[in-house]
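In the two complexes that follow, chain A is the common piece, with chain B as its partner first and chain C second.
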Partner chain A sequence: MSTAPEDVQRTVVDFLTLTAKLPEGFSADTPLYAGGAGLDSLETAELSATLEDVHGSDPYSTGEMPQTLGEIQAFYAASGA
Partner chain B sequence: MSTDTHEPAAHYDRVMAAWQLLLGDELHYGVFEHGDEPLDVGTAALTSRMIDAADLRPGLRVLDVGCGSGAPARTIAAGFGVEVVGITTSAVGVDTARARTAEAAVGAVTFEQRDGTDNGFDDASFDRVWVMESAHLMRDKDALVAECARVLRPGGRMVLCDLVGHREIGFAEVRERRADFAVLREAFGDAHFASLEGFAALASAHGLDVDRSDDLTSATLPTFDRWRANADAHRDEVVALIGAAGHDAFVRSCDLLEAFWRDGTFGYGLVSATKAPARSSVS
Partner chain C sequence: MTTETVRAEPAAVAPAEPRVVVVTGGSRGLGAGIVESYLASGDRVAGCARSSTTEVEGWLASHPDHFLFVPADLSRSDDAKTFVDAVIERWDHVDVLINNAGVARDGILAMASDDDIDVVVDLNIKGTLYVSRLVSRRMLARRSGSIVNISSIVGRSGYRGLGVYSATKAALDGLTRSMARELGSRGITVNGIAPGYLRTEMSHGLDEGQMDQIVRRTPAGRLGDPGDIARVCQFLTDPRNDYLTGQVIVVDGGLTS
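Moving on to the complex of A and B:
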């Protein structure tokens, strides 16, 4: 799948829905961890693996720790993947 | 990835009946002095350690945070003449604890559906707070210990035993071993471990004087053998309650936890602490 922002958003939203962690009013600026979606370390690792499976790479595996969907989208935009 | 919620109350509601077959009536780990004791002797030994640390005396009011099916609450109420209020976020837990307490005809024990991190009781309304193997199901350990300290009367004691983390697990390791951790989550719910030192530090931070901090990792290790034996002995009943996948996840979790116990990642500990007595006023 492409790394276009809308495709990345679909992957993240699908993941949050599957894990019952999609907050009401979720947006590109909603925190993914405490105070937002509330992902813990295992759920974040699963999101990381899902992004890699779907989009071929993921920001977490490069040592980044994106805080929001927007930062994940920015990773793909910057990498030109 | 399972789509079942692993939120502690929902998980507990789902597995309560099966866990009584797998973990035994007391629903917690055992302490094995010799290594070959049966599970009920080991779980009773852990309860005894908590009792010793709590310094129970007749007439005291005890809050049991995360009371499970109420077995320890009944034990200390019947054995020590204390009044116990057990709380859990699990509705099934409350119903089960009430039913078993009625069957046992034990008085001075009540159960309520409340959250240990925001319990709603008055300040200084208990002489003892008892937290037996429930803290790992509460993400906000600071709020848990703060609430325990808040509801203690001056001179009161908090006793806590639980699974503990002995080392930090980095993100790369969590990602690499996510399948193993997912099995643990499937079997035991959404658990988060603090260190023994972390619990002691929280108690101190909330004004309690820590007087006991016991590492029980080695003494609790035989628990996994006993649980696997129960899983084998009660396979058909457990499968009927939580399915074959649930049964298999439990057995696999025993293997994983035993390995984590042995390699120094996870373990078990007990902490007790006292709230300073009230100062007498001097005129």
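Moving on to the complex of A and C:
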């Protein structure tokens, strides 16, 4: 799948839905962890693996720790993937 | 004793789809026995080692669609990634990981060189961590999988002259329990097997006299063979046994009982 912002958003929203962690009014600025979706460490690892599985790379594996969907989308935009 | 109705289960393991099985160090000895077992059950098997062997060449010829071999030194993170990437590229995912790769250097610890320690620690611990990290990510993305870490009874009982090796095998038992706790809620089982002394272990520095003594002390009256361990691998990775996780099964003919 491409790394276009809408495709990355679909992956993240599908994942949050699967884990029952999709907050109401979720947007690109909603925190993924405390105070937002509330992902724990294992769920973050799952999101990292899912992003790699679907899009071929992921920000977490490069040492980044994106806080929001917007920051994940920015990673793919910057990497030109 | 339970009075609940017992469901009839099929006697033989017959997966609907061939599983994708990764066996590290599957080119000779115990690893080769494990590879043969999964090939015999119709699974797709990927093995790796630093170099090929006659067994590997034979499987490539006899099972061209079901066997993949990648030369790799798993003590190097890049090699581990190359290996796992090759498996994913060919078969898309991993159902079963058997962490079997390991090396031993015998000798009293007081006389061990830095290289003796590094070689054993780097492959037995770091190599296992590298591959487990990569494969568990793929399993997490699918929320299924089975991992078996091959340790050793010497990780529990110790053995004179195998201090470094024993330390690394005890570490694998700790890894087994930790990974089971991390991944259990995601449908991934992690167990270990601690084999006793196998015929293949002749290469680990035990001489004929030591082996005879081990046989005399073993209730089963013989050394183990790779098939003894492979059958337990099959049991632990049978999808029907998904309530069994975080355990290290000792398979030693009763030696340490």
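Basically, the second predicted complex is superposed on the first by the 81 of 81 C-alpha atoms of A that agree within 3 Å, B and C clash if a C-alpha of one lies under 4 Å from a C-alpha of the other, contacts with A are read in each partner's own complex, and residues count from 1 in each chain.
Methods note: a contact is a pair of C-beta atoms (placed from the backbone, for glycine too) under 8 Å apart; a residue touches a chain by one contact, two chains touch by 3 or more.
Please read all numbers here as calculations on a predicted model, not as lab measurements.
K.L.:
In the superposed arrangement, does A:40 touch chain B (first), chain C (second), both or neither?
P.N.:
first
K.L.:
Looking at the overlay, does A:53 come into contact with chain B only (first), chain C only (second), both, or neither?
P.N.:
second
K.L.:
I'd like to know which partner A:77 touches here: chain B for first, chain C for second, both or neither.
P.N.:
In the superposition, A:77 contacts neither chain B nor chain C.
K.L.:
Return the chain, chain B or chain C, that is in touch with more residues of chain A.
P.N.:
Here the partner covering more residues of chain A is B.
K.L.:
Applying the touch criterion given at the start, work out whether A:19 contacts chain B, chain C, both or neither, answering first, second, both or neither.
P.N.:
first
K.L.:
Which partner does A:4 contact after superposing on A: first (chain B), second (chain C), both, neither?
P.N.:
neither
K.L.:
For chain A, what residues appear in both contact lists, the one with chain B and the one with chain C?
P.N.:
Correct list for chain A: 42, 45-46, 48-49.
K.L.:
Over in the complex, which chain C residues touch chain A? Could you list them?
P.N.:
Per the stated touch rule, the residues are 137-138, 140-141, 182, 185-186.
K.L.:
Which of the residues in chain A end up touching chain C in this complex?
P.N.:
Within the complex, chain A touches chain C at residues 42, 45-46, 48-50, 52-53.
K.L.:
Could you please specify the touching residues of chain A with respect to chain B in the complex?
P.N.:
Answer in residue numbers: 18-20, 40-42, 44-46, 48-49, 60-61, 65.
K.L.:
Sort out for me which residues of chain B touch chain A in the complex.
P.N.:
For this pair, the touching residues of chain B are 1, 3, 5, 7, 139, 169, 171, 174-175, 178, 181-182, 185, 190, 192.
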